[in-house]
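What follows is a single structure, and I will ask about it in a moment.
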Amino acid sequence: MDEFIIRAMIAGSLVAAVAGLLGVFVVWRRMAFFGDTLSHSALLGVAIGMLLNIGFMVGVVASTLLVGIILFLFQRQQRVSNDALLGILAHSGLSLGLIALSFVQTQNVNVEEWLFGDVLSVTWDDVTWIALTLVLVVGVMAWLWRPLLTLTVDEELARVEGVNAGLVNLVFVGLVALLVATAMQVVGALLITALLIIPASAARSFAKTPEQMALFAAVIGVVSVFIGITASLLLDTPAGPSIVFSSAMLFFMSQITRVLKAA
Amino acid sequence: MDEFIIRAMIAGSLVAAVAGLLGVFVVWRRMAFFGDTLSHSALLGVAIGMLLNIGFMVGVVASTLLVGIILFLFQRQQRVSNDALLGILAHSGLSLGLIALSFVQTQNVNVEEWLFGDVLSVTWDDVTWIALTLVLVVGVMAWLWRPLLTLTVDEELARVEGVNAGLVNLVFVGLVALLVATAMQVVGALLITALLIIPASAARSFAKTPEQMALFAAVIGVVSVFIGITASLLLDTPAGPSIVFSSAMLFFMSQITRVLKAA
Amino acid sequence: EEKPLIVSTIRPIQAIVVAITGDNVETKQLIPDFASPHQYSLKPSEIRLLNKADLVIRIDDHLETFLEKSMRSLDLEKLVTLSTVKGLTLLSANHDHNDHEEAEHDEDAHEKESSHEDEHHHDEDHEQLKAEDTDYHLWLSPSNAVLIAANIRDRIIAIDPSNKESYESNTQQLIDSISETDKAIIETLAPIKEMPFLVMHDAWQYFTNHYGLNQLDSITLQERLKPSAKALSKARQTITDSNVRCIVTELGFKLKTLRVLTEDIDVNTTEIDPMGRQIKLSKQAYPALLDYTAKQLVECLTHTTTKK
Amino acid sequence: MKDSDKILATLKHVSLALEKRQILQDISITLEAGKVLTIIGPNGAGKSTLLRILLGLQKPDAGEVTRKPGLRIGYVPQSISIESTLPLTVARFVALGGKGNVKEVLAELRIAHLAKSAIQSISGGEFQRVLLARAIMRKPDLLVLDEPAQGVDVMGQGELYDRISTLRQRYGFGVIMVSHDLHLVMEKTDQVICLNQHICCHGVPDDVSRHPEYKRLFGDMPDSGLAVYTHNHDHAHDLQGNVVHSKDCDHG
Amino acid sequence: MKDSDKILATLKHVSLALEKRQILQDISITLEAGKVLTIIGPNGAGKSTLLRILLGLQKPDAGEVTRKPGLRIGYVPQSISIESTLPLTVARFVALGGKGNVKEVLAELRIAHLAKSAIQSISGGEFQRVLLARAIMRKPDLLVLDEPAQGVDVMGQGELYDRISTLRQRYGFGVIMVSHDLHLVMEKTDQVICLNQHICCHGVPDDVSRHPEYKRLFGDMPDSGLAVYTHNHDHAHDLQGNVVHSKDCDHG
């Protein structure tokens, strides 16, 4: 097998597994569009990076953190729901980015680069880098799991029981941002956002516990990566979209299974 | 003043006003990313239209309707929340569209055309077309308002009280889809999605009744359009993003006002 | 024995490569004509093509942005980046047409350069032109094309010395043909040399610069961004004030903006494809691209406007 | 008025299992205009589920549900939660229920002062009254109440049952109600059903409270300090006044 | 144990206004280990808000809230709703409260059979027991209960108050509780506070129930069929046993 396929499978599986782990919380907390929001506002980072001449990456990381912090601050006061907040941040970030870009007099900014990425062109360096980030994410999640779950079930009850809601929320938002920012550059925002929510939603039909749901989500994600890349190999379709589409198929199958089981 | 500015102001205000009207429901029902979902899956429509050689528009309208119907069907069974459902539809539509496009070997398809649109290149024909659609939307909303509001407050109570939940939900989804599909081609998906949610969220801080919130949302939207286009004229910034950004500024100002009022 | 495989990224490069290689080599164009070089995801078959290729020829990693990643795992030996060709005229994307900056690459500079460095280095005596500020539609200058052809010839000979003579004569034919076309174009363009025209997206400055045409400020510099209301207003002002006769746009590109720009103004519009995708691939494809560009311009600038 | 006209809704042999657990088994009930039917039973007995089946919100696995065509229903669910981004006053919330005099109905339930409060900000007991106000304002033919007095203060509870009783006499609507307030319920009710997955016993309150199954379900309540109130009624037990016992009621 | 060690939490002169309406005014209370303090009062009196201030979930406009450092609190809120996409069994929900024997605690509250049910699917009264199970399993120093018996069936109510009483004696935790079940509450409580925006009266149950302000708030309840249960207690009224009346308690 070609080496690039192996790299793609490894990188894809790693991202999918960790996305499953974080994705269940993203779904429970109704933050489905968090990834989209980050990738949209990454454009602002790109523009700022160019304007200030500090390079892409610094700008992207800065804008991602900024979005995370604003989200965290607004979540504390509950007049705006999570999804609307994400929508507002996504669109204001994107539009501000476009405005800033219009002052950067260059032709070579690629707005869509962030969206599509390319899992097939992952390098071994990327794989290492992803693996390291993901080890970090998984490690923090192991520690965060219980308080985060308690918080997700009911925030007030959790706070009374001694969970530091502010800290836990902040760390969680930071982890998702880290995952998205890392994976976005490698596999594209489309793929990472989809892997956050689609496997998690599919897993809901089979899971009886939160841990099961996370595990199933990870498995479904990894399976999607394998199916998608294999399809891409056999049918010569673009890899990223094929992965997303196979996870979507798994989701729809899970829903049909559930309906049949109920009847 | 140039005529194109006048047209942009008229088209923008019309869209903003109606987006305010529908946007409040979009926010209340946690469907903030409905516009994004439609525009993402519009790509699928484009691809299908090209594959079957039936033209863009037919494909886009078809895919929009399809998304509307799937959304409607899934909403009835509550295992997947609205935002996750929208995310899944958006990403599976987009990826399927990309896959389909990879088989269309004809023409340069500009994915971003849908995203960014251009309010400055609106023609008088477009204005007429928008106006007609919007009259239709407003007319239907006048009839739909009360049952839809009842349903939004609590679905079961509404059903017991004789509201035909299925029909009302379907019509509402159809209206939003119609607005988005119409406006997307003229002003771009970015602008229309943003106008759906940002003014509505900003209006929340001042409104005491649902109708007030819709009215304020419409007003804030129209004001954003005027500020944005004026800024584009004076500061040489792109028009669409300027409109979105001014509405975002109004939103953040509304939040600050609220916090100050509370203190 | 298999023929060597040469992959070029976009149509104009492919045109030059085909002219040089004839039938001695298998050639493939990587990015399909329908796709944009800025946004493309490689399919597995295309990555295999890249891996299999003996030579991969591209403009610059700032043009074929999506390629950068795949290139990293590629053998650098077989990668040709045309923007680094010695002696090439490079123009700034952020420019004023009346006093554009030029920058040339010299020997030291691109020896230091490795393909995945973000910045190109220039000697002190040249004005610094940052990579992301460079306009990479560089193939539309005939003199650049000649240098590029020579460079490609050398690289091909390096991998396939056996057909050296054939490559050399093919290249000479191409260069001759380019200079002939060049001369013809200078004559064709002479009557319109001073006539002002506008472009919607600045893809032609290499061409207009080479022939000394009167291209006014482009309306929008960025392919992806919509012009502001101010820019549109100003452009409309410019059209009437400077008596602009023609507006040039890329194929199928921002037609609606164009419509707004030209409504109730007497001005011609024309579509030109800087990639020459509708020109049949042949030994003459590159000169034909130049010729086509010139004819479209002349047509647009000399025709009496059809509008009321 | 014919007898069949008085019948508002019936359930016949209704059964339901959810997630492989039997929730309701072979339930038949008839609701008549002007009558109050109370369902009592332990937690998890299936009382709320029964109401939801009656209302058409849940499909039974077996059995038949009929509602008189055009029946106006006022419903007070056991709990609902309202989206916080929706600016809605109490008065508006009530008005959404249908046509009617909102002010009057709020005043009647002693929550006139809340008319302009945000529906999300009022207290639990206040919300319960608001729900009842919405149900009553609809001038329903049938009132379906799921623990209507939940969280309502002591004064309010008595008042609330009194009011339901008065209104029923005034407008002649039928009432089906779930309640744990035995002492209050028994007084104002025409018929009682003890439910625990199936109907354990039913009849007029006096008879039911003397029934052995009833005692088994609710005990004699000696140490809870609560004596079931027995009112002195003088009407005859004409309507299904016989107390029926079907099966063993000791579940779970 | 010193006296000051027994003090778990205090509120001093706490006031709060929300949306320009006064909700609480000048409230001072002290919670002690091993004692049960019950707050009674009409709907909208500010009882839940007072608990939320005590728990630090709501900031008062004025006044001081102190909690003993490291205080373990078990809390049963008046209502919560749980995201439906979260697969969570009852047992797991309880276990999230902290360390402890989940099985035992579920059995004690007679909901062992629900251990594997989805938390979103159980009935109202069952959910109330689950909340209490979670609070108790934490082995708290202080139990904060907001209408814990809401929707719980008649048998269950008695049991529930009995259990709280027993556990308190066993573990010596303090309890603060809001309840409308006067008859049950009065029996098991050390101290009662009548709240209606401010503290109208407070003291031991017997004294409070004889207090004119109490009667004004809750009436003599002649026609509600409910007599306030007066138990025969023999302990002396040593701890703030005097009944205090401050201001006029007739609000809205």
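First chain written, first letter: the chains are A, B, C, D and E, and each begins at residue 1.
Here is the rule we go by: a contact is a pair of C-beta atoms (placed from the backbone, for glycine too) under 8 Å apart; a residue touches a chain by one contact, two chains touch by 3 or more.
As the structure is a prediction and not an experimental result, all values here were calculated from the model.
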Steps in the shortest chain-to-chain touch route ending at chain C and beginning at chain B: 1
Euclidean distance of C-alpha centroids - chain A vs chain D, Å: 48
Centroid spacing, where centroids are CA-atom means, of chain A and chain E in whole angstrom: 43
Chain A-chain B separation of Cα centroids, rounded to whole Å: 24
Set of chain E residues in contact with two or more other chains: 83, 85
Overlap residues in chain A, where contacts from two or more other chains coincide: 27, 30, 79-81, 84, 98, 102, 111-112, 116, 201, 204, 236-238, 240-241
Shared interface positions of chain C, touching two or more other chains: 39, 41, 43, 224-225, 228
Every chain pair meeting the contact rule: A-B, A-C, A-D, A-E, B-C, B-D, B-E, D-E
Chain A partner contacts - residues on chain B that touch it in the complex: 27, 30-33, 36, 74, 77, 79-88, 90-92, 94-99, 102, 111-112, 116, 190, 193-194, 197-198, 200-201, 204-205, 236-238, 240-245, 248, 251, 255, 258-259
Of all residues in chain E, those that touch chain D in their complex: 18-19, 41-45, 47-48, 78-79, 81, 113-114, 117-118, 121-126, 128-129, 147, 150-158, 162, 180, 182-184, 187, 217-219, 221, 223-226, 229, 231, 252
Chain D-facing residues of chain B, complex: 27-28, 30, 146, 149-150, 152-154, 156-157, 159-162, 201, 204, 207-210, 212-213
Chain E residues within the chain A interface of the complex: 55-57, 72-73, 75, 77, 80, 82-83, 85-89, 92-93, 96-98, 116, 134, 138, 144
Of chain D, residues touching chain A in the complex: 83-85
